[in-house]
């Protein structure tokens, strides 16, 4: 089996340059590629277009890239809980394209699956539909939406093997599987990297063909945004 | 006496039928889960990729990798399943979810809904709301009948950027339960002690009042 | 959790009528809903439109429905290995719509996922493209293809639970997961039916929301078309 | 001496590079797997939903739930993965597979391929061939140079219903190895003992011969 292992996050991000389009997995702070984001901060690449459902919070996740002004444009569905983001957006420093969440997910899947365009009812009759082709099917109106692809996709999985196969845990799955398919180069960081053959072929969430580089991440913080508990 | 948030949630819970798959939005809709009657078996869908959302975890069971669409830590139940965001919205877009309950800033008498943006002031994004309202078989809105300045949020036409067209079926506010019909908001129930006249004053859109309007039973 | 269990295949097929559109999972004879096909034969419904990647062989699978002339139209991608099929097709007794396999798979997924149409390059410039809208994206030509849905979908899984969650085994997965999403009523037959809670939520291939009826099938024959072995 | 099926497969195996994901069609292409040189690590994709196809099983390991696209019983390898048909063709359509090797009934000098139908005589269907040829980054065809009656299968234009337009990059026949160029079939190699004149006679489409044409080395 082809070995996709790289030795560390530095090697994993080789080739990332100013002006590139990046996809970053995660929903809120759940399932985000923490190590890759730290490395993006360290190397300081600028003018990035970031595709991610959310924009992190002020002091974690993509929020850190926004603080350092590394992001030129965000493509996302929900960017609340981020004061710096809202400030840059309202002041015009940051370009933002908001997509309905399902449209965003499907556009990314389409990018990975070779489907340049598809029709969805989400956003018809709203600002989202402005300038887009619309069409009626069976008496209902739909918008035509196009695929999304990236120069690099950064995804976070629970377990991975040296062949690039990935398994996600819980709702940390979210956008990671589609993004893994839509990057020219997909970098997977995993909590546990095992030799090919240790994962059940029947239970793989992302087949290794989609992953070009894989490494075991370090020091996962896994910050929780809304810690809600009940009494035992 | 106007209904409080929990009473609105409790009233909406009466709309939930046995065997339904239900998506609950952030805010009041989330509270609906607390009032689903015993003997009614429903499955809650969380659009970030979970079917069969359970209660909040006890302190020792908190898992950063298990949250709902409101980013709250949650639990699974026996029979739960987990999937990607594209599968989740395939489920929603494909009309497999029976009922969507969500909040709104404005609703029009034709059933348009606005809940994602206040130009120049607030841009959090639509999240999954546009997908949900475009495809839900049944949509119930939980909202305040009027803004803090007393202006109506049940309008002839929405003034804010809309989230979806002609999609809201029923509205439960602090003052009333209403159905969206071809001819406007049809008044179904009044909050206890609230008069039809109170509701009429608080409703800018066409209000249809036929016969006696009963009080909400909780 | 909502209980989807029915007591047997008879109950599972209640409501199936002449003239309906059915989807049947499987690739060749691998992963086909054997029990449901037997019941379709027994109840003798006619004028069916069957959507399935293949048409079985002469004496097994959908081939049996063809022998009994229960099928009016087949939508499939490959129908070799079936002499009776070829005879009915060439004589005009059977209406056949052949789709590229990926187009067929994606049309079914689209049906389940609420996407009325999408673009694919497969079949552009061929008979498949005749009468269909075509369009250029990024210098390449694509065909617009529409969704497929069914009155009933019959799928076969390895394990299932009472909530309707399904796990497939090996390449018996094939078309089953998409078909499960595209039936107004989806019937799942499984080799082993377990109580809700016994399957890992993280490892479910088909979430229970898509399955309306589930039962444990009997006497799986699992016929092999090309038994190929090597020396130990 | 014309190449036999195994020799065609062996020659094609030389085109397979380390690190490639490869889809092998039914027939001669399947045989290519037997000749991949040691030290070349490739992953075989089977479009019915398997990445990392292993060899045929021993008798005691035969599993009806594990077949390839040719319906043959097969095995997995350490690092294999299994997925649905829609995910499989997403992989193919999304150009994640590096090389597709398939059979053909006819190929045109522009690289059109016909391999799915003989009107009035044979209709097996296109299976996954149309998807593969429409999206493969690199397509190599394994075929006989001529039909049994001696007529050429390498044509100016295909006479049979085509499977895909301008997609074939290279052809390995029993007589020759050819590259499809803007100007026609460029002859790269001859089967041992087969002359350029033999190949010219067997080729209806434009044949480009530049310089000395070496024999195939196996």
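Labels A, B, C and D are assigned to the chains in the order they are written; within every chain, residues are numbered from 1.
Definition applied: a residue touches a chain if its C-beta (ideal position, glycine included) is under 8 Å from a C-beta of that chain, and two chains touch if they have at least 3 such contacts.
Just so we're clear, the structure is a prediction, and the values are computed from it rather than from any experiment.
In summary, the chains found to touch both chain C and chain D are A. C-beta contact counts were set side by side for A-B and A-D; A-B has more.
The centroid of the Cα atoms in chain A and the matching centroid in chain B are 28 Å apart.
As a whole-number value, the distance joining the C-alpha centres of chain B and chain C reads 36 Å.
Rounded to whole angstrom, the centroid-to-centroid distance between chain A and chain C, based on C-alpha atoms, equals 32 Å. In chain A, the residues that reach two or more other chains under the touch definition are 106, 109, 113-115, 120-121, 169-170, 202. Counting only residues that touch two or more partner chains, chain D has 50, 82-83, 89-90, 92-93, 135. According to the touch criterion at the top of this document, the contacting chain pairs are A-B, A-C, A-D, B-C, C-D. Those residues of chain C lying in contact with chain A across their complex are 106, 110, 113-121, 135, 137-138, 140, 142, 146, 167-170, 202-203. Remark: chain A residues 27-31, 53, 76-81, 86, 89-90, 96, 98, 100-106, 108-109, 120-128, 158, 169-178, 205, 222-232 touch chain B in the complex.
Chain contact summary for the complex, chain B toward chain C: residues 19, 21, 41-43, 45, 50-52, 76-83, 87, 89-97, 135. Within the complex, the chain B residues that touch chain A are 46-50, 55-60, 62-74, 82-86, 88-90, 92-93, 117, 120, 122-131, 134-135, 161-165.
Chain C contributes residues 1-3, 109, 111-115, 161-163, 165, 181, 195-197, 201-202, 204, 207-210 to its touches with chain B in the complex.
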